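So the structure is just underneath, and the comments pick up after that.
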């Protein structure tokens, strides 16, 4: 079994019901705007939260078991050493509270990826701290809500593209556009084209130490992308591709060798 | 001075006036279709041929001198050893008669690139023999006439992107779309997005031996892309980037070294 | 079952017994030198030819079946359309008669790789025509007979490195050294260090269309490298990694799409 | 003029004369061992410190001016916002006190590189925090003191290799060997081979945002590598290659674009 942990920020889903401690720094209009969206998110996710959608999605693969659901308000964001040791692949969805993840937690995730854990960063997680710490770039981009997207495969034999057509149409997706400030991907698999004319490197893999990172762009919180079979298939393929328990290292350190 | 040679197939411009020996194998409807287009090409290129447009374009850079204009009907396609020895950067435009270039000429071009000559393949030259011999792939793609294009830069510090905006709009361009069968570019600089929804790796560099190859997608024969200042600038930047006379090798061979 | 075809030039093994038509162009001293080595080759390969060694090696993997043994003197080098259609992975060993392979055969091999066949080029095959046509570079290098080699893995999670230690010692190997004129590998897996001080990118993978190419440096004809378990394991891993029957394409061509 | 800042940890040079606050955590034998080496360092560096050697080296290029010398004990390690704003290329030498650099300073360096500053990490700086934060890997390796090294160029047309021979011999260098845990280099320029048989990716470039990172392995504190003309030339070439003031960004942030 592939052991999956899902981290969902889990803020936007609740913003119409309660007050988060870290929202103090945000402006009020932004909070009202986001809170108003909570119902839309619930509608898109069939009354549940984003982590529920992702859990059902990855467990469609009978070889996958979700071992932990983590969120921002759990102690250590729910990502303790024990949880990460028990994880082959970590899925990460986050958006409006990236700064609320402590550096220490983000570096712990980074260290586990370097030692062999897989990490899949989804949609607006492009600017979460663990992704920035693993890639070393700002991961900034151009964006706008309300486009449709054609998602094209430019690497048709890649395991993550298995079983999906060369083009997937997403009737509604948030536009993410170049320049996307990422290191040159080790494997560029998908490029998105948006109805507004923008393009985006939407599916990218990087090797980091003994682990791999997969960034995948679709998945705006109020849209139905994660319910589209081809998108589900890509994420499921990604979990398989990232799982790498046989190479998990206990520790990475320099090795002194005598003459 | 950077010494440039321009190879233009130079067939479509004349197809309404004369008969080419190699057109025997083509179907008659195709010939009529292409011949009817000759006037359109002339109009787009201000009464001249594609090589004239390209000559004026590259010579806007005062450091560049076009030394030779070559075409398909010259002996050895105009690309003798002497011409290639006298060339720092070769520009190549071709379309409907790729097969008419002898393998021997294409391999001579390949060999000069390996020894340090730069080569820029433009638009429909994606399937010319020298490009296929240098890249090792089929260079096939998806296509359609009659779109507009947004050309995005995904590598803003690359010398070829110097002085151009992050997005260039081309009111008319032929759609070229993924999957584009090329090796992973050493440097991916531009991605095009077309009005029909397709995307394309439109500006790519590969190192081959002591030389470099730049493929650049805009430049359909009946459109005005080569008269657009930002496109001109990219091609001019490309000539500078590819020019590499100080590294030109006389011969590439294995080197035996004694103990 | 993975269907393997082995191409062995099969010249040096017989040079003490017979005269080959293409050896006319070689100098006599070179022929005498090589002919004198035939016994050494036989000794290293336990009385058999290089293709026999390779056949036994790959068939240690019970999922692999060698379907065809091809050599230089067979019609079309034994590599007809039918043979290549029946091949998932082609192993290629060649050395002194690279030029004797017709361009047409080499391009047929190239085309099958582009359509999805895997190709493994071994040791002195670095300059065979199919490898040059697939990579687009001269593949020249520095060389000397009579070193020992440390073969280091710089990509420990790569499937081709599965089950082998970070360093493999080869008591006798021919020195192959940089500058090795290859395109930047898509995956660099092994780097060799030789007793004379040279280094070499010894294990490299490139994607070409729907197929993959693996170059692997050990395997000098008079040495015992192919009988060393870790080297055998790497080649067996390579066969598995290159096999890709589910993606084999019938034909690669441009696709016209209507608006 | 290219504006260079040199960061030298500046600890080992003084370890025989004084006590550093952060050395409390080290074991006493290690301190004695390192302190005993201070005279050797002084001898290798002609009575001066490592930053003096590097300053003289880079200023041999008349286009280069060293604007700031920074070390571990200065407030903020001497790397304030003002200093980094005044820097086109940062050279970094560090070894035994990597942990003493505050995360905040290391992230400030990272941010400036992302915005366009060049960074050259030398020798034992492979594990300094800014390099780890920029690359996203552990940068661990295999090591031993007391080898000689052949440094081979595997990218002969790269600007950093300009004017140096294909092989440079270093009579004394510390062995650094694979597996070197780095991301796949965007440009691999040098590979070292050591007298003990190890190999190492010794000269690597990565793009990070609008800036570049160059790691270069030679430079053990008690050896004379930085006084060898070819090594000096490589570092001088590196400064020129990394300098990129025309692309320096004020801030990297996501860009919202309206429909």
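So that you can tell them apart, the chains are marked A, B, C and D in the order they are listed, and the count of residues begins at 1 in each.
Definition applied: contacts are C-beta pairs under 8 Å (C-beta built on N, C-alpha and C of every residue); 3 or more make two chains touch, one makes a residue touch a chain.
In this text the structure is predicted, and so the values were computed from the model without any measurement.
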item: Touching chain A and also chain B, the following chains; value: C, D
item: Selected interface, B-D versus B-C, where C-beta contact pairs are more numerous; value: B-C
item: Between chain D and chain B, distance of the C-alpha-averaged centres to the nearest whole Å; value: 40
item: Chain B and chain C: spacing of chain centres that average the CA atoms, whole Å; value: 33
item: Residues of chain A touching at least two other chains; value: 156, 177, 184, 198, 207
item: Chain-level touch network, classified as line, ring, star, complete or other; value: complete
item: Residues of chain C defined as touching chain D within the complex; value: 150, 152-154, 156, 166-167, 169, 177-180, 184, 188, 191-195, 197-199, 201
item: Contact footprint of chain B on chain D as seen in their complex; value: 116, 156-157, 207, 210, 244, 247
item: Complex contact set, residues of chain B against chain C; value: 103, 110, 114, 127, 133-138, 140-144, 146, 175, 177, 181, 183-184, 186, 196, 198, 206-209, 252-259
